[in-house]
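What follows is chain A paired twice: with chain B in the first complex and chain C in the second.
And then the complex of A and B:
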């Protein structure tokens, strides 16, 4: 690999990692608030990816509206999943394993909806959604699609940080991640906080679905990429969204390099082996911190 | 006036409180003492709506309290829970904002300044995560967070637990100050009976989920049964 090629792989890896970061953070928000791994997030991502696909292929909308449609679809589907699936378990104070099993079931159900509507083929976003394909700087040719997904991700993260640091409801989502009961003692309607968490998580999932669909291809199983979000949120350390985002970018970079060197067959094997090795060395994740009760 | 009439409550099938009758007149300090496991926290959590009422009632000004914790806070009843329960990954500023969740932005600003006046240490550490504070500082933050709601009735669950004597004296002074200066009604639940009874207008002794003795704070301090069981001179814990 020469230097130019390495540089291009870094750009590809960062762009892929950025999309993983969006997926992982959307996934981790629900893990933090409700303490279970929400694989239905993959279904949210899948439906949004196809919503963006319809918007661009049937209605010829341009890139930004397509991303926005994906985002809104993600929020709506995530809240629907909460209403249809998780709410009842919460009302009955069900065990976490019920949430987990339900979330996997919802992922499969949402996938099947896509299979029924679109068949189990591969589709691609319209070729001219992004007009300019490459920017050439000397020998270097950089994919505009990748640059744009990188930019969209940065904007999405900017918004996310604003919501979580500067708005009352955003701070309440973080408070609920610390301690749901005490949050209710502040006069905060925790039911609303949970819905807000699903809205934010779904928006992130929707954007990531559209970006992932544009940069790869569409199939009803697209939602299974949520596993990457799961890996990143474990590696990043529970509770720290920054750690999760960093882990996701690292995962994207590693994956792109592995695919270009040892191929896409072996790459997942190496990634899972790395994940296990990492967790043995640092079980709290990249940024995992735990505050202990002080007497 | 907060009135608890023939209250029974508990968790699932486990009964904790039996036939509790407590009156909390406006502007008074009412203390409930009792040992670990007597049901003190369950009592406050039932008032706050975290524990379901099995039978009996809790009335505020003759009206039943709403069924959910956040609506009870909106009625002016705030609890400072046992063990402080600050939000460890939130900054002190964010913890205080959560305490004043139902208030307007300008009220939050005004009350934050009041909290800083009471606890200057919190101002110094404004942007620090609450989890990095010492136990005593966390109790100050928990008190400050409770003050942010500016409640009519403040419920305190064992604020002295695990604190050095100097700090808990401060905490009790503050409670009296809130009562005197703001006419805030206080319901204080404590194991540390002597200090609590001395500041009480009225007090109850809770044993095994039942009220066994009640009277004015002054009466209970000299009550031989209370003396024997709770004021033996040996510091518990």
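And then the complex of A and C:
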């Protein structure tokens, strides 16, 4: 493998990792606030990806409106999921395992809705949604789709950091993720905080769904890529969205290098083995605190 | 807590119900044209033909094309009075693309529905799985499962009840390899294969063997799995070699992605595909620029008037364009009907199997061919080699592993 090839694989890995980061951060927001792994996030991602697909293929909208539609759809579906599936369990102070089981069920339900509407075959975004496909820098070829994904990821992540650090609702979400009861005693409406968390998470899921759909293809099972978000959130650790994002990018890079060296057959085996080994050595993840509360 | 449990059960039941709604009806029964007032005992018994297809799984589009072709053929035959005065009934069971589901469905249609012959799916993984089951059930299956293991038990001995109605994967792989070596003058190849798909592997191995036998070289062998959608790591590896061509046998969901990603990476090699390129390679959502310099083998020459007439009829009937599996599906059901007709009044699995084993020439959309009794595969069918120009398929010539057909 020469230097150019290594650079090309790094670009491939970063591009893949950028989308994983969007998925993982959206996933981790709910993990942080409600302390359970919300696999319904995959369903939100899937519905948003198809919403963007309809916007582009039926209404010929351009890239930015398509991403915005995906974002808004993600936010709406995420809040609906919260109302339909999680709110009641939360009010009943149900165990974490109920949230977990319900989130998996919601993922299946949202997938089946997509099967009913779009069938089980695959679809692709219009190829001319992004006019220029790649740019060459020397011998390197960079996919514009992934470059845009990377840029959108950076912008979305920047906005997320701003919201969490500088806005009242962001600070409230962080407070709630630290200790929901104390936050409530401080007079903060935790119900609204949770909805806000689902909105932000859904928006991230919407963007990642559209970008993942554009860079690959669409099928009702597209939401199962949320597993990458789960892995990254475990590796990144609770309490640090930056840790999760770094873990997601690292995951993308590791995957690409494993596929290019040992092949796609062994790659998932090594990834999961690395995950287990990592958790044995550093159970709190890259940058987080204990993960023992995670369902 | 009780209410909570009820809520969870409600959500799960909703998911299951929606899941059930998503599935197509397990049985699609071809309506007969006879009116109900015809007394049953006066009417000759209908001939039941099983149709084992992926109606709701990942290969639904291809399997669906087989079903539509079969339904159209049966409608025509029934409208003309049936076979030997008996109406035909197509009984479709959904495999959902799952091997276990396919085995259960096959057993159900034979044991419960009492079908005497089965139209099989265009999915090799399922073909391999049902081959030993067909021995147990002693029911002939004529299908489009192209991998050799679907029809050949061991060299020289076929599975007794498995019959292939189009060229095998090995013949397809060898034909495109021969074309690439002999007509395009290529010597260095890379392969990108789905190792979990027996069809993909079944195309790649004969391809590589023929390339090597002709003095060519396979300089890179990359692999992927079902769930993969990003092939850039493998394609970058291939770009780093001196390969002149990439052979990427696979199913429709992967093919446009491989073409598009190879194009985006600037992988400037000849792209060699399989017959699944056809429904996707020039699909409206694939960039025509990404399909330039692509060659693939196909079962029919779509510019042939008899084929294009049939295609027009199909499109008028179903309001959708035929896929490769539509044409070969029509041939598969045609072979079944020819065997049924030859059986006369003795329409049993045993008789149909015997007639398939001793079948003479069959004149179908793919050409005129017989089935080899040692392989249960078509004898002598050439492959139509196509390229894609400005997003549209262009027929080049008929080819076999031995060279061009004049």
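The rule we apply is simple: the second predicted complex is superposed on the first by the 288 of 295 C-alpha atoms of A that agree within 3 Å, B and C clash if a C-alpha of one lies under 4 Å from a C-alpha of the other, contacts with A are read in each partner's own complex, and residues count from 1 in each chain.
Operating definition for what follows: a residue touches a chain if its C-beta (ideal position, glycine included) is under 8 Å from a C-beta of that chain, and two chains touch if they have at least 3 such contacts.
This is a predicted model, so every value here is computed, not measured.
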| item | value |
| --- | --- |
| First, second, both or neither for A:60, with chain B first and chain C second | neither |
| Touched partner set for A:174, first chain B, second chain C, both or neither | first |
| Touching partner for A:136 - first (chain B), second (chain C), both, neither | second |
| Which of chain B and chain C A:184 touches, first, second, both or neither | first |
| When both partners are placed on the shared chain, which of chain B and chain C touches more of chain A | C |
| First (chain B), second (chain C), both or neither touched by A:5 | second |
| Chain A positions touched by chain B in one structure and by chain C in the second | none |
| Residue ranges of chain A touching chain C (in the complex, touch as defined) | 1-2, 4-5, 8-9, 12-13, 15-16, 57, 84-85, 88-89, 92, 94, 98, 101-102, 105-106, 108-109, 112-113, 115-116, 119-128, 133-134, 136, 141, 143-145, 215-217, 219, 224, 255-257, 259-260, 263-265, 268 |
| Complex contact set, residues of chain B against chain A | 48, 50, 68-70, 73-74, 78-79, 81, 83, 85, 87-90, 94, 97-99, 101-102, 129, 131-135, 138, 145, 149, 162 |
| Contact set on chain A toward chain B in their complex | 168, 171-172, 174-175, 177-179, 181-190, 239, 291, 293-295 |
| Touching residues on chain C, where the partner in the complex is chain A | 1, 3-4, 7-8, 11-12, 14-15, 18-19, 21-22, 56-58, 60-61, 195, 222-225, 227-230, 232-234, 236-237, 239-240, 252-253, 256-257, 260-261, 263-266, 283-287, 289-290 |
